[in-house]
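Below, each structure is written out as structure tokens.
Both complexes below contain chain A, partnered by chain B and then by chain C.
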Partner chain A sequence: MRDAFDTVNPIVAFVFFAFALIMPMLVMHPVLLGISLACALAWLFILRGKRAWGYILKFALPVMLLTAVMNPLFNHAGVTILFYLRHNPITLESIVYGVASAGMLASVVLWFACFNAIFTSDKIVYLLGRFAPSLSLVLSMALRFVPLFSHQAKRIAQAQRGAGMGTRGGSILARARNGLSILSSLITWALESSVTTADSMRSRGYGLHPRRSFANYRFDGRDALVGGLLALGMLCTALASYFKLIGIRFFPSYKANEATPLFIAFCVIYALTLLIPVMMNSIEAYRWHLLRSRI
Partner chain B sequence: MALVEIKDLTFTYPEADKAALLNIDLSVSEGEFVLIAGPSGCGKSTLLRMLKPALSSFGSVSGAVLFGGEPVEALDLRRQTSEIGFVMQDPEMQIATDKVWHELAFGLESLGVDQSTMRVRVAEMANFFGIQKWFHSPVSELSGGQKQLLCLASVMVMQPRLLILDEPTSQLDPIAAADFFDTLKRINSELGTTVMITEHRVEGLFPIADKVVFMRNGGILHSGTPESCAELLSRDPALSAVLPTAMTVYYETRTESMKDLPAPITVRDGRAYLKRILEEKTAAAKKALPQAAAPSPARPREKAQKSKRSEKPVISMRDVWFRYERNSDDILKGASLEINAGELTCIIGGNGAGKTTAVMTASGMLKPYRGRVLLDGKPIDKYSDGELFGRRVGVLLQNPILSFVHDSVREELEAVIKKNKLDKSRLDEIAELMELSGILESNPYDISGGELQRAAIAKLLVLEPRILFLDEATKGMDAFFKVKFGALLRKLTAQGTAIVLISHDIEFCAEYADRLAMFFDGGIIAEGTPKEVLSGNNFYTTVAARIGRGMMDGAVTAGELIERINRK
Partner chain C sequence: MQKEFAEKPNTAAARPEPAADERVLAAERLRARQAAEEKKRRLIRRIVSAVLILVFVPSVILVGLLEWHDRQFYIVSMLIIALSMVPFFFMFEKRRPRARELTLIAVMVALGVAGRAAFYMLPHFKPIAAIVIITGVSLGSEAGFITGALTAFVSNMFFGQGPWTPWQMFALGLIGFLSGILFNDQITTKLKLFLLCAYGAFVTVGIYGQIVDTQVVFSSAQNVTWEMFLAVYASGLPVNLVFASATVLFLLLLTKPLLNKLGRIKKKHGVFR
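Let's turn to the complex of A and B:
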């Protein structure tokens, strides 16, 4: 995968994701939710191709169905009672709220799928490094040692088997005991070898103040442009919220803003902001197309 | 002025009755390349650690260690960090972070260097070490050699004046080690960095070193040029095992007229020496009565080999194909191997050639998707795990520490005995056979690498398996212990055990193997006695064979070279 948004400075990218993830949670307006969902989907398909279906079918849809069904069954607030189910009122408002929550959760799940594809450990380490260098180091170390330990556990089990001390096909008790002894040996190994790691870190000055993180990413003109557009979109959202343009109420009765020209204008701005990654990809694809046609 | 000055240094570990370092006097000038050699446990590592207080052990110290004229204890952590670099043995555990770039930047991050300087320094070192290509890689994807180069680079970014290395290549194969030494040589000659290194593998370092310090029992036995050190060591048969092959041959065969010549260190010098001595001997022989050419000594042994091979193999592996996942690349591509009782079969070959996988398949640990493995004529997958491992086949993986799950060697052996309901006396038998009496009560983490290897093999031997598979068992052993280890393997094969040993140590294989199999690209490309396989190779062969090429073909060990020269 080579996504145009992947090379954006992680700080800008992080703000974008924060905006995209938090907005659906704050404002559960059906139209805005729909826009958010559509933008996330569009980008996910660019990022993952056919595999995007996996995210949709495995994560997004089940979450949506579950919330949409569960909410009216357990939430009986609202004034418009449609019917009674075993003496419990099922209200229109709670159905609408259930659908809206479903949309909200689904768009959070999908945005998170995009986040996962873009935010590699390197970027998280970089972001943390800006604010908490030692925390960023701890994360980086954890990322190294977790796979190392699981690999080591496998090797210990293999060594036991090769010495005729394996318990493959043995009783559950024997296997559990074997597992425990492998774990204890793994812990011993980890403690013993961490002495080397500590020595090596100390010999390279760990513990000196102030610690400064190596920046693997730069902030260039494009980052400023993307950041500026993003800031503009966020400013518009703040204004829209301040002037009560995007308010919504579910209980006791459902009330949303009408489709005023201002509201429609905001919807367009919101969509354009969330489409930044998609647009960047399209522009890049078009540039490559131009370059190639010139050759 | 000397960069490092050690004056009458004595160091004793807490609660030890003997000093670990005794009256050490040593001076190292700026830009020098110093090799510190000596058997395991002679105090080399302790000495190196005294030069960097951040890593020094606790204990009572007397005497002084001066760095650039100042007492080394007076250096604060910041100066120690930037001026004295330290690389340790185990590349895996020295690396702290998950990505190559982060590891490279680690030291500069600690020093709090500003962003633009950090960028330049990291870029410089990445270039110097050829790291650009894997700059963004996760550390877990690197080979052992790359990991150790990364450790070195991550120290060099701080531009130290003194670089200390404690057995840096003991975990590497010979090719990676040669690469590593080349880089060290470049650091020393192109950057002028002072280097102090301890190493078992002195063959590659003798040509580079300006000074060799030989330590024994915590004291310095000799300190001087490589030649003067070799001269001294060659007089003591207990120590001469450490010398490079060319030097061994020189000291064992030189005649009176050759005494003033400088001792050859490299293969090139060794060949020049061999040529001269042969010319001299032929001239002398011409003067005396013409002699009939002696028959090649190789033949009788080869015959013996052939008669042995007519027996049925214990394990026969035929046309085996293996890969880990359906869509991954094949690791074994039609590999065939026969393992005979009472023979030491050595498997050599580069990294990633499939040696370990071949052993895992032959031992029944992995199941091939094509081809078959027969144990005593019966497919190996027809045996259950209980029937196979322990009693018939014993497998020792690369890192022997992995074999230990209990707190002492005794408990480890007792667990095997208990599980198989054997008699308790078996423990004493094994302990005697493997010379474990001194370490039975020790924790596996407290004993030396060689002892660990011995204890791990002992654990396998409890059940008297008919075939032992040992993966890289000679890794990290010093020259003196290798001799002992070779004798031990001979003792086991004499009892009828078949041993399969994967090793990068061609010299060791040439000396002790009954049969040698060379692996390349998932299959065996050469197989036979060490002589058959190694005398034909030009590059992938012993140093002795390279020295003798064209002049004494067929001699693959230093011993054979010496014998044939002296017979002339």
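Let's turn to the complex of A and C:
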């Protein structure tokens, strides 16, 4: 099934991801990091199902472990010395900081996993096409060339095999030589056909119009709603950081804000903002459920 | 330049019809002047881009380090890296490259990406850097930068984007840019090929490896210490050495044929000259 957030206008989606990715890096408050991590995980499980475990085990966990271990070993700042390891003080603050930065990295990695699922190449080309038309054209052409080249490589290999110069038989050296000759003719073909493509583009009037993209996203009422909620969340974040609600200090001694009612209110707002995609999915699922139950 | 274009037909029309050979001479003179102007503009562009990379980028990094030396290392360093790529992309857009140049760059990017995918069973043993270096050597420093940066970006679209993307883009772009400045496409002697291979080994360990490893350091530390850098660089060295040996091997194999093919395309179709 298509994710509910997938159909949102790419500009709104991009702002959402920018917010979700930059916040953990800017404010390494443990509570906010936990919220960010939980929201990213919830969405990732909706997006990928069981395959989300692969992301967690392969990308997030190693990064977390590395950071959490490395920081206390190399960072000796902080006033609360727990013990000495080969004359180097291991401090409570650096351990806390290591854990916090591990959480930060994990949430960034998981948000990027969601980003990869949502931001397909056509959206990137759509976003870039406005202010970098040439680059986005190169991007979309390169993306198309990759499968084209592998297809052409197969065709060349088949032809070579028909001529008795395949990569299946013969000594290793002969096979390598035949493989290289396949690569060589592939490259020549690719370069020549690129010029043909360019001529064809030119004769169809490339460069006369401003760039337009294949996918045309409208900015509809739902985009406005999502964008408005997002803007509200970002405004609250800016206000919270202006009034020093979410400040945190690790060195020389750890100091975070106490759980004042205002801080808790901000946490709720932050969580709701990051949960926009998850909420959209559940609304969609609920609507589907209603439709089905009516039949 | 623009002004001359506009004025030339007017003056020609105002004068009485000149003799045929005179017109041919005038056309030739115009063409020669245009060629000279083009050459001058290319030189200026080269100087500007060299100034950008050698002065602008380090000064941005320096300001970033001095201004935010104890806060938000990670995000600031990432922003610096991303911003330092903007001038290159901007200049590339600004000169409105021809369709042939765009498709040629796209082919080189696709070759790099396909090369990374083709060697998926050998971790870190990739021809990416070699292809970017050859592109820079043959098509010039600007195309080298664009190819390097976009190869990193596009291949991450297949293998997963992450906080490392801007760093890889910048590092590969820099490799392509420098190879375009340091070498021309006349790699004819064994000595020149050896120099190119040495350059390839040096930049993959010294530039690509260091930049990407620096990202690891910044990602995990608030108080960055020298021991931390050393530890990360030391632990990244084996990976970088594998990548460097792959680069040298692919440079040895690919430089001559690829330069030949690219040179032929350049000559035949009049691009990137």
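In this text, the second predicted complex is superposed on the first by the 250 of 295 C-alpha atoms of A that agree within 3 Å, B and C clash if a C-alpha of one lies under 4 Å from a C-alpha of the other, contacts with A are read in each partner's own complex, and residues count from 1 in each chain.
Throughout what follows, contacts are C-beta pairs under 8 Å (C-beta built on N, C-alpha and C of every residue); 3 or more make two chains touch, one makes a residue touch a chain.
Keep in mind that this is a model prediction, so the values were computed, not measured.
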| item | value |
| --- | --- |
| Partner chain(s) touched by A:I182 [first = chain B, second = chain C, both, neither] | first |
| Touched partner set for A:F149, first chain B, second chain C, both or neither | second |
| Chain B versus chain C as contact partner of A:F45, first or second or both or neither | neither |
| Partner chain(s) touched by A:L137 [first = chain B, second = chain C, both, neither] | both |
| Partner chain in contact with A:S121 - chain B first, chain C second, else both or neither | both |
| Which of chain B and chain C A:T197 touches, first, second, both or neither | both |
| First, second, both or neither for A:R161, with chain B first and chain C second | first |
| Partner chain(s) touched by A:F219 [first = chain B, second = chain C, both, neither] | neither |
| Which superposed partner A:G207 touches (first chain B, second chain C, both, neither) | both |
| Those residues of chain A which chain B touches in one complex and chain C touches in the other | 121, 133, 137, 141, 143, 148, 184, 188, 192, 194, 197, 199, 201-202, 206-207 |
| Chain B-touching residues of chain A, taken from the complex the two chains share | 121-122, 125, 133, 137, 140-141, 143-144, 147-148, 152, 155-156, 158-166, 168-169, 181-182, 184-185, 188-189, 192-194, 196-197, 199-216 |
| Chain A contact footprint on chain C (complex, rising order) | 72, 74-75, 78, 89, 92-93, 96-100, 102-107, 109-111, 113-114, 117, 146, 150, 153-154, 157-158, 160-163, 219-223, 225, 227-228, 231, 253, 257-258, 261-262, 265, 269, 271 |
| Residue ranges of chain B in contact with chain A within the complex | 52, 54-55, 77-78, 80-82, 85-86, 88, 90, 92-99, 101-102, 105-115, 118-119, 122, 136, 139-140, 151, 154-155, 158, 363, 365, 384-386, 389-391, 393-397, 399, 401-406, 415-416, 419-420, 445, 459-460, 463, 465, 469 |
| Contact footprint of chain C on chain A as seen in their complex | 22, 25-26, 59, 63, 66-67, 70-71, 74-75, 77, 97-98, 101-102, 104-105, 108-109, 112-113, 115-116, 119, 121, 124, 131-135, 137-139, 141-143, 145-146, 148-150, 180, 184, 187-188, 190-192, 194-195, 197-199, 201-202, 206-207, 250-251 |
